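Given below, in the form of C-alpha cells, are the structures.
Common to both upcoming complexes is chain A, partnered first by chain B, then by chain C.
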Partner chain A sequence: MRLRLVLFAAGALGLGAAYFAAARGLPPVGGYSGAYGEVLNAVSVGERHATDVVSAVNFDYRGLDTLGEEFILFASVLGVATILRKQQGDEEDRNEPAWQARQAPDSDAVRVLGVWLVPLTVSFGLYMISHGAVSPGGGFQGGVVLATAPLVIYLCATAKTFLRIAPPWLTKAAEAIGAGGYVVIGCLGVLAGKQFLENVLPLGTPGAAWSSGTILFLNLTVGIAVAAGFVELLAIFIEEVLRRET
Partner chain B sequence: MIGALQFLLFILLALAGMQVVRTREPLAQSIAVSFYGLVLSLLFFLHQAPDVALSQIAVGAVALPLMILLALAKIRRARQEREAEQNR
Partner chain C sequence: MSSILAWLPYAVAGWLLLWGLYGIVKSRNLVHLIICLVILQSSTYVLLLAIGYKAGAVAPVFADMPLGTPAVDPVVQALMLTDIVVEATVAALLLALAVQVYQRAGSLDPRELVRLEG
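And now, the complex of A and B:
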C-alpha cells in the first residue's frame, strides 16, 4: 500500500513537471503556424463562394475524405443493425405487441412541450443542413439534430406514432439514397470531363443559401444519410427497451 | 474575461472527466459522459471552432451515450432471459 502511494507520488510529480513544461511551450490561444489555413481562408470565398471555410474544406477541397467518413457511419449503422437483427424465433415485425402497448405519457406538459419542440427541431435541423456552406453546421450536425425529432415524438406520443413518422422502409431507403447520392454528385464532375467530386455546379452569390455549387447538395445527401442512420439506431434502441418492458 | 471562462471550463472539464472514471454504475456513467461531452463542446466553441463544437454535441453528448444505453438495454434483456430460463 505504502509502495503504491510512493510510486503514485513519483509518477504524478513527473507527469506534473513534464505537463507544466509542455504547456509552457504551447503557442498562445488562437495562434496558428500552418500555411494551408491561411491560404484557404484567403481563397475559399472567392473560389467556391462558401463563407463557411470548414464546409468548403470538408465538402469540396477534401470531399473525398468526407465520402470515406460518410461510409464509416454507414458501415457502423449496418453493423449495429446486423448484430441486433431479429433472431429466428422472434419473427414478428414491428406490429408486435411491444410497439402497440406503449401509450402516450399522461402529463399534458410533456405532450405540449413535444408539440412545440418537434417543429423547432425539424426546422433547425433543415436550416443547419441547407446552410452548411454559409454558417457553421452542415450535413452531419444538422442530420443528427433532425434525427432527434422522432425521438421527441417517441417520448411524448405513442410508440406507434414513431413508426408512422419513421417507418423502417423509409429510413432504410433514405440511408441508401443519402450514401449513394454523395457518389452520384461526385460523378457529376466526371461527367463534366473533370475530376471526381469537382465542383461543377453554378456557384451563386456568396452568403446565399443557394450557393457554393455541389457543397450544398453534398450537405443535403449527408444530412439525409446521417438523419436516417440515427433514426435507424433509435428504432433498434427503442425496440430493445420496449421488449424489456413487456 | 475569456481567459477566466477558459480556465473555468478547463477545471470543469477535468472534474467531469474524473467523474466519468469514478462513476461505477454504467447507466449513470452514460449520463456523466454526456455531460463531459457538453462541457468539451463549450470549450471548442470558446476556441472559435463552432463547427467542431456542433459535431462534438452531436457525437459526444447524443450519439455516444445513446450507443452505451443501447448496449446496456441489450445486455439487461439477455440477462433477464437467462434468469427466466434458470427459474423455469
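And now, the complex of A and C:
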C-alpha cells in the first residue's frame, strides 16, 4: 500500500504539473473566443427553428454522434442484463417469489407522496422530452425523469405494482423501438434524396412545441429509449436485491 | 479577485481529477472505486463548461430572448451531455460487474481478488 501511494504521488505530481501547464495555455474562464459556438448560436434558430441550440447541436448538427451515444446506452443496458442474468440459468421469470415477497411500506405518508410524485414526474418527463427543441431538456434528460416514475411506484407500493406498470416485454419493446426509431428518422433524409439524418421534415414556428422538424421526433425516440433503458436497469438491479433478501 | 475566478474552474477540474484518481488508488471497495471514477469524470464537466463560458453571456436557449444575445458555447454543453450519458452507462455496467464479483468471490475488496481462478 505504501509503495502504491508513493507511485501514485509521483504520477499525480507529473499529471498535475502537465495539467497546470496545459491550463495556463487556455484562455481565462469567461474569455471564450471559439468560432463554432458563435456560428451555431447565430444560425440554429433560423436554419432549424430550434430555440434550444444545445438540442439543435445534439440532434441535428451532430446527430450522428447522438446515434452512437444512444447505442452506447443500448449496449450498456444489454451488457448489464447479460452480466446479471448468467447466474439465473434460464430466461428470467419475474413472477418468481422474489418479486412477490416485498410488501408495500406501512407509512401512509410515503404512499400519499408517491401518488403526488408519479403524475408530476410523468408529466414533467414528457414535457422535457417533447420540448427539447424549445427549452432546456430533451430526450436524454426527460427519459431519465420519466424512468424515475416506476421507481417511485416501486418505493411506495409492492414490487408487483412496479412490474404491472413496467412489464419486461414493454420496456424491451420500447427500448428497441426507441433505438430503431432514431435510425428510421435518419433514413427519412436518405429517402428524400438528401443525407442521412438531414432535417427534412417541416420546421414549424420557432418556439412552438411542434417545431424544428426531425429534432422533435429524434427527441421522442431518444426519450423512449432512455426511459425504457433505465427502467430495464432498475428492474435488473431491483431483482438482484430482492433475490438476495429472500 | 477576478483573476482568481478566471482560473478557479480549471483548478477545480484538476482537483476533482486528482482526488478521483487518489480514491481509485486507495480504494478497498469496488463500489467506492466506481464512485471515485464518477467523481473523476465529473472533472470533465467542469472543464468543458469552463471552456465554453463567456463573461456576461446567457444559456444558449433563445426561446425567450432575442437572437443575437451573447450566449455561451452550445457545442461544449452538447459534449457534456454526451459525457454524462456515457458516465451513467459506464457506472451501470461497472456496478453490474461489482455485483457479479461479489457473487463469485464473496468480497468487494480489490486486494482479495488478486488471485486468478481458472
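Some observations on this one:
Heads up, the rule we're going with is that the second predicted complex is superposed on the first by the 209 of 246 C-alpha atoms of A that agree within 3 Å, B and C clash if a C-alpha of one lies under 4 Å from a C-alpha of the other, contacts with A are read in each partner's own complex, and residues count from 1 in each chain.
Criterion: a residue touches a chain if its C-beta (ideal position, glycine included) is under 8 Å from a C-beta of that chain, and two chains touch if they have at least 3 such contacts.
As the structure is a computational prediction, the values presented were derived from the model and not from experiment.
In the superposition on chain A, A:Thr51 contacts chain C only, with no contact to chain B.
Of the two partner chains placed around the shared chain by superposition, chain B is the only one that A:Val145 touches, whereas chain C remains out of contact. In the superposition on chain A, A:Tyr182 makes contact with neither chain B nor chain C.
After overlaying the two complexes on the shared chain, residue contacts for A:Phe162 are found with neither chain B nor chain C.
Of the two partner chains, chain B and chain C are each touched by A:Leu84. In the superposition on chain A, A:Pro28 makes contact with chain C only, not with chain B. Touched residues of chain A, counted separately for chain B and chain C, are more numerous for C.
In the superposition on chain A, A:Glu240 makes contact with both chain B and chain C. Once chain A of one complex is fitted onto chain A of the other, the partner contacts of A:Pro136 extend to both chain B and chain C. Shared contact residues of chain A, touching chain B in one structure and chain C in the other: 29-30, 52, 54, 80, 84, 136, 138, 140, 233, 236-237, 240. Listed in rising order, the residues of chain A touching chain C in the complex are 4-5, 8, 12, 15-16, 19-20, 23, 26, 28-32, 34, 36-37, 40-42, 44-46, 51-54, 56-58, 62, 65-66, 69, 72-73, 75-77, 79-80, 83-84, 86-87, 134-136, 138, 140, 206-207, 233, 236-237, 240.
Note for the complex: chain B touches chain A at residues 6, 47-48, 50-51, 53-55, 57-59, 62-63, 66-67, 69-70, 73-74, 76-77, 80.
Residues of chain A touching chain B in their complex: 29-30, 52, 54-55, 80, 84, 128, 136-138, 140-141, 144-145, 148, 230, 233-234, 236-237, 240-241, 243-244. Put simply, chain C touches chain A in their complex at residues 3, 5-11, 14, 17-18, 21-22, 25-26, 50-57, 59-63, 67-68, 71-78, 81-82, 84-86, 89-90, 92-93, 95-97, 99-100, 103.
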